[in-house]
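What follows is a pair of complexes built around subunit A, which joins subunit B in one and subunit C in the other.
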Partner chain A sequence: MSLPKSYQQNFSPQEINFLAEQELVTVIPRYSMNGAQLIGAKMPKLRALNREQIPLWLATLLKKQEKCNIVVPEWLSVEYLRVRYDEEIKYPSKFSNLPWHWLPIAKKLLDYASDDFIDPPHEIRSLLQDLREVRLVKARKGIRELNHVYIQLDGLSLMEINEIRPFILEVMDQLRKMNDSLKVKAEEEMPRQAAAQMDRDEDSDDDIYQKE
Partner chain B sequence: MNFDDILKEFEASKRPGYNEDERRAEDVRLLVDAWVKERTVPELLPYEQELIDRILIRIRKQIELIEMNSIELQTHEREIKLRLVVIESELDRVQFIIRSYTRTRLQKIDKYSLYIRSNDKETAKLSNNEFAYMERHLELLLELYNSQFMKNLPESLQAIDETGGGVSMIDEPDLDRPVFVQATAENVVEVDDEEIELTKNGIYVVRYRAVKDLVETGDVRVL
Partner chain C sequence: MSYYDIDDILADSQKLPCKFSITIPGLGYLNGEPGCPIKENVRLELPIWLAEILAICSISNSSDYEENDEYRETTFLKLLEPEFFSPVFLNFIKSDALRLNLNPYMFYYRIVTKWSNMFGDAELVELISKALVDRASELNDLSFKLNDHFRGGNLEFMNNLDSYEKQLFKNSHKSYKDLKIWWLKKPN
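What follows is the complex of A and B.
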């Protein structure tokens, strides 16, 4: 089979990671380096200590070789995450606004650039875990709202969407099919009911005649 | 150079496609989009011929570059080595998307061969290679069916594209499958006589048929 069933209409977590690695991050090069012509956006010429925006995959590659430091994005701070966590608790029916790829980016930076964090990485880790759990519970509660027409899920990130996608798609599809078959049944019964109605009308007419 | 020229040049430089590097960046973005779209929607989408052609040429050039440089590598210093690692990593990434894009399409082509062949609009979505593949694949499949069991069946039961009797033997993409979308503009779509207001940046799960046109115009993007 050219594409396994679990990959149809869905992505693997690794593929979501892959998409997250296309996102840009800021780095501070430790050495100067020539750029390179690439298939996509070219790698810029790097000058020592001059900030430059490059894709995450390239940043981690250079980081592994100890060629640069990564500027950890503002949202990966204890203060920011704590505010988001409080929001999650305060508004039980809403997802707080986190970056589209917050999970994979946070994981990648914690794994490869934990020395670049300003706040202690273990605190960030535990906050991320709290956020993840509270949002997971919400997403699961939201499943109760599933219907055959549509569902709105503002604020979920791509990784979170991908996790619940197979379940939601299947349930909505089944609900839709059940609903459609109800409709077909109703349409089939309509003429019969109408006919029954007419019969009754005639009967009552008869009654009148009889009374006369 | 007068003021108008300067203005014109400024505007041209903002247009995508003006600058070769921007165009390359844009092409990879488009490729990623095409891949995500093909993976998430139930139907086969038109083949991105020009985009893929452009990228394949660039891939070939990168491979040549790597081969040329790795021969002389022993004498060169480490900087080139790192550059080659970067070039190779990116090459791998782009090739991965192209492969996955192709596999996704082949899976749909296998599944919907009979439907695609019966419909000119669908056939037009295939590249020449894909069309040749589909024909050959179907031919082999029929040969196999015939030699294994079909020849033993009564002739009236040998058809593989019967549509009578309320059940069609031709698999068609189910456009009513739900998809995850994000609205990039405000719109109203109708599902089962219910109106759904799509607000900008909102994330929805709706059946593909309801947003199909908006996916084409780019007013919603599939996730």
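What follows is the complex of A and C.
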């Protein structure tokens, strides 16, 4: 393959951003517009001031042309994020529950629709930053517990998983290779043990026949 | 461990100490004495690919077999314990894996894998796995903090990585950097 190795196993942040843009958000159109059938998504017929759900990329496009306002999702409020932040502090071994694409969606909305936020955007931005740092520290702490068979990443979002993926994959792979090498030796010895087992089985059969 | 893996080929050419168990005529060029036989009990360092096959291939002496009516088997050579698997070295790992210098061995973890392929040493694998996790988490911290490389013992640690760890550092660092760049990018 001609792709660099790091992109074969891993997404780039831009690719995840693209995936996140397919998520639906609620918009309030300012004008009425005819719907359109697009590849993959369908833009419904928009009537002024009637709420509709459209993909995020379309919403930011319309927002840029000032044809709609975006209804900021409820998890992007100071109150909600603060509760999550407190949860992160309270439970050091657990990740709080945030949307699968919380980082890219939050960034996109802050970048293009900061005037639609009810709470001040700079506060949200700093809360997001705090959340991200606290979660990253936890994820990296988890690396000390790595083993060759199992890893649990409950509650992490795709972007965060992707960030530590190259590292974790490689370490786990190396651990697996070292542990598998033990199996090779064990398997070589297996047939001999199996043969010994067979002999014993035959003996026991003989016993039964003799009794009869 | 694939056929086209350059690192694997290089790891295969790392040398292991071994001792010949029989005298072989004409093999003296391995010891720098072309034309002479290689003597029994001569100690040599041979690349892994050669040492492995010579240590595994068994030769039987057919005359012995007939006379003594017992099956005597021997191999060309015996592998000796290399310096980096010696008890002293392993104790060093146990005490502080972070100060361990793996740079001279280049492909330490691969060699461990090959070694345990031959001998199935579970204790060794467990010890090295633990050392790898310890070192890797330190490595991960350093790959995240951009400016910490040259502080305190970090510089020494960075110089003591083997080639796999260097690659790991590079990939991990790139991943953190990519995300940071994306997060800080202003909309156009």
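Here, the second predicted complex is superposed on the first by the 182 of 212 C-alpha atoms of A that agree within 3 Å, B and C clash if a C-alpha of one lies under 4 Å from a C-alpha of the other, contacts with A are read in each partner's own complex, and residues count from 1 in each chain.
By definition in this document, a residue touches a chain if its C-beta (ideal position, glycine included) is under 8 Å from a C-beta of that chain, and two chains touch if they have at least 3 such contacts.
On a predicted model such as this, the values are computed, not experimentally measured, just so you know.
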* To do: Using the touch definition from the top, say if A:22 reaches subunit B (first), subunit C (second), both or neither.
  => first
* After lining up the shared chain so the two structures overlap, which partner does A:58 touch, if you call subunit B first and subunit C second: first, second, both or neither? -> first
* Examine A:36 and indicate which partner it touches, taking first as subunit B and second as subunit C; both and neither are also allowed. => first
* Asked: Given the touch rule stated above, what does A:165 touch, subunit B (first), subunit C (second), both, or neither?
  -> both
* Could you say whether A:3 touches subunit B, subunit C, both of them, or neither, answering first, second, both or neither? => first
* Of the partners subunit B and subunit C, which touch A:148 in the superposed model: first, second, both, neither? -> both
* More residues of subunit A are touched by which chain, subunit B or subunit C? -> B
* To do: Give one of first, second, both or neither to describe whether A:14 is in contact with subunit B, with subunit C, with both, or with none.
  => second
* Of the partners subunit B and subunit C, which touch A:93 in the superposed model: first, second, both, neither? -> neither
* **subunit B and subunit C contact sites that coincide on subunit A, given as residue numbers** => 10, 148, 165, 179
* Asked: Where on subunit C is subunit A touching in the complex?
  -> 1, 109, 112-114, 116-122, 125, 128-129, 132-134, 136-137, 140-141, 143-144, 164, 167-168, 171-172, 174-176, 178-179, 181-183, 186-187
* To do: Could you please specify the touching residues of subunit B with respect to subunit A in the complex?
  => 21-22, 24-25, 27-29, 32, 36, 39-40, 42, 55, 58-59, 62, 79, 82-83, 85-87, 89-91, 93-94, 96, 100, 103-104, 106-107, 110, 176-180, 191-192, 194, 196, 201-207, 223
* Structure fact -> Within the complex, subunit C is touched by subunit A residues 6, 10, 12-14, 17, 103, 107, 111-112, 140, 143-144, 146-148, 159, 162-167, 170-171, 174-175, 177-179, 181-182, 184-186
* To do: Please give the residue numbers of subunit A that touch subunit B in the complex, ascending.
  => 1-3, 7-11, 15, 18-19, 21-22, 33-34, 36, 38-43, 57-58, 61, 65, 67, 148-156, 158, 161, 165, 168-169, 172-173, 176, 179
